[in-house]
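What follows is a group of structures, each given as structure tokens.
There are two complexes below, and they share chain A, which is joined by chain B in the first and by chain C in the second.
== the complex of A and B ==
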């Protein structure tokens, strides 16, 4: 994802802003990292360049 | 925070898992944009931010990229988003998310398409909540096209003028012959209009085309 996406994404649960913690960048794209809600503290992963902002109960850690 | 319906959440997770299983194959059969969506999008130019809600492989996000500065493609299924990455990854910002609990700020979307996705949400409450959340993210003068499968479709025996639609399961057959069930709520056109009217969206116009209900909507009560 590009960093300017931060302007419009938010926590799916309470719609508050997210903090960005980048683990890996490549050519201006954020490849991996974490988005953390500034209000509820829920953490959302960025995996292979795509932020996973599913509510936690819709994720599954190990897809079948 | 509103109380959450754990049954519906589990079912939404199940719909997502279905598309994780079939996404790669499904997306190969969804090559072209729908003409109804093309003509809706063609009426706009110079939009700020556009959203394809339930973007699948990105075929409609691709259209939006022609008229908007920024396009967000959102889908619950990572398998579908991987297909979208190949097709439109350079021009569309892809986000994995839920259509009921959108991870997008209030008023940030100028133009949206929500095509063939609403009918996968497994309860009326979830569908209503999703329409409300779309209204929340739309800018005061934002517009969206919402479509859902309807009882007017040839494959159903139902009466097109029924007051309410029905829930059903439609199998997807993978190349190896394995079938994967998919949940659908098939809308009666009158019910589609009623559900949109009851939400925070206002129906600007509605039509039936190719067995689908299409509603052009705007957020209600945001203009000052």
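== the complex of A and C ==
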């Protein structure tokens, strides 16, 4: 993801701001890291350049 | 090898698909066996064409259930600042590979209040008996639940929060999904609606509905 995505995303649970913690960056793209809600503290992973902002109870909900 | 034999087509395995004479839609039925991300078909195309006429350069656009990212990519090409969201990790990967900024998430839930000039949504809308659902990500992309509105209703419940003051949402619905019922549901949630475009196909009519705050 590009960093300017931060302007439009928020915590899916309480709509508060997210803090960005970058682990790996490549050519201006954030490849891996974490988004942490400034209010509830829930953490959301960025993996392979894609932020996963599913509510935690939906993260493992995959079709069989 | 001639086309008529049919044995050159890897998707034509004569499985239990309900594709008998489906006219304009054989592609949908076929893809269910060979793809796990919904690929653009007539519905995405109608939504993309309709939305494209309504975006101005620099507009912020969200494409919900972006799948391959097709609608978002068309709107980005028209100058919009387009982002996609999808619940499927496979769809997110494909949209990202197609150059669409994408977020994995549930409908509009991971986005801030009032940021989008336009939100587009081509929901799963095929009415599907419960016992046939949730087999895989492709089924998820096609199935709209018993009444075809499994995701349309929650979308209408939540979309207004992310719309800019003059923002609008465009939703592709099929005659199979009962557009009248969809508009009534929206009206109960203080959204005004309008038919923007429609296209007849052999077994259904595709309609683009516009929703905005009252």
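Quick note on the criterion: the second predicted complex is superposed on the first by the 60 of 64 C-alpha atoms of A that agree within 3 Å, B and C clash if a C-alpha of one lies under 4 Å from a C-alpha of the other, contacts with A are read in each partner's own complex, and residues count from 1 in each chain.
Keep this in mind: contacts are C-beta pairs under 8 Å (C-beta built on N, C-alpha and C of every residue); 3 or more make two chains touch, one makes a residue touch a chain.
Computed from a predicted structure; not experimentally measured.
Q: For the three-chain model obtained by superposing on chain A, do chain B and chain C clash or fit?
A: clash
Q: For A:30, decide between first (touching chain B), second (touching chain C), both and neither.
A: After superposition on chain A, A:30 lies in contact with neither partner.
Q: Just to be sure I read the superposition right, which of the two partners does A:57 touch: chain B = first, chain C = second, or both, or neither?
A: It touches chain B, and chain C stays clear.
Q: Pick one for A:14: touches chain B only (first), chain C only (second), both, or neither.
A: A:14 contacts chain B only, not chain C.
Q: Determine, under the contact definition given at the top, whether A:1 touches first (chain B), second (chain C), both, or neither.
A: Touch partners of A:1: chain B and chain C.
Q: Across the two complexes, find the residues of chain A that touch chain B and also touch chain C.
A: 1-2, 5, 7-12, 15, 49-55, 58, 63-64
Q: Sort out for me which residues of chain A touch chain C in the complex.
A: 1-2, 5, 7-12, 15, 48-55, 58, 62-64
Q: Sort out for me which residues of chain B touch chain A in the complex.
A: So the residues of chain B in touch with chain A come to 1, 4, 6, 9-10, 12-13, 16-17, 20-21, 49, 70, 72, 76, 78, 81, 85, 93-98, 101-106, 108.
Q: Can you list the chain A residues touching chain B in their complex?
A: 1-2, 4-5, 7-15, 44, 49-55, 57-58, 60, 63-64
Q: Could you list, by residue number, the parts of chain C that touch chain A in their complex?
A: 60, 83, 87, 89, 92-93, 96, 101-106, 109-113, 115-116, 134-137, 139-140
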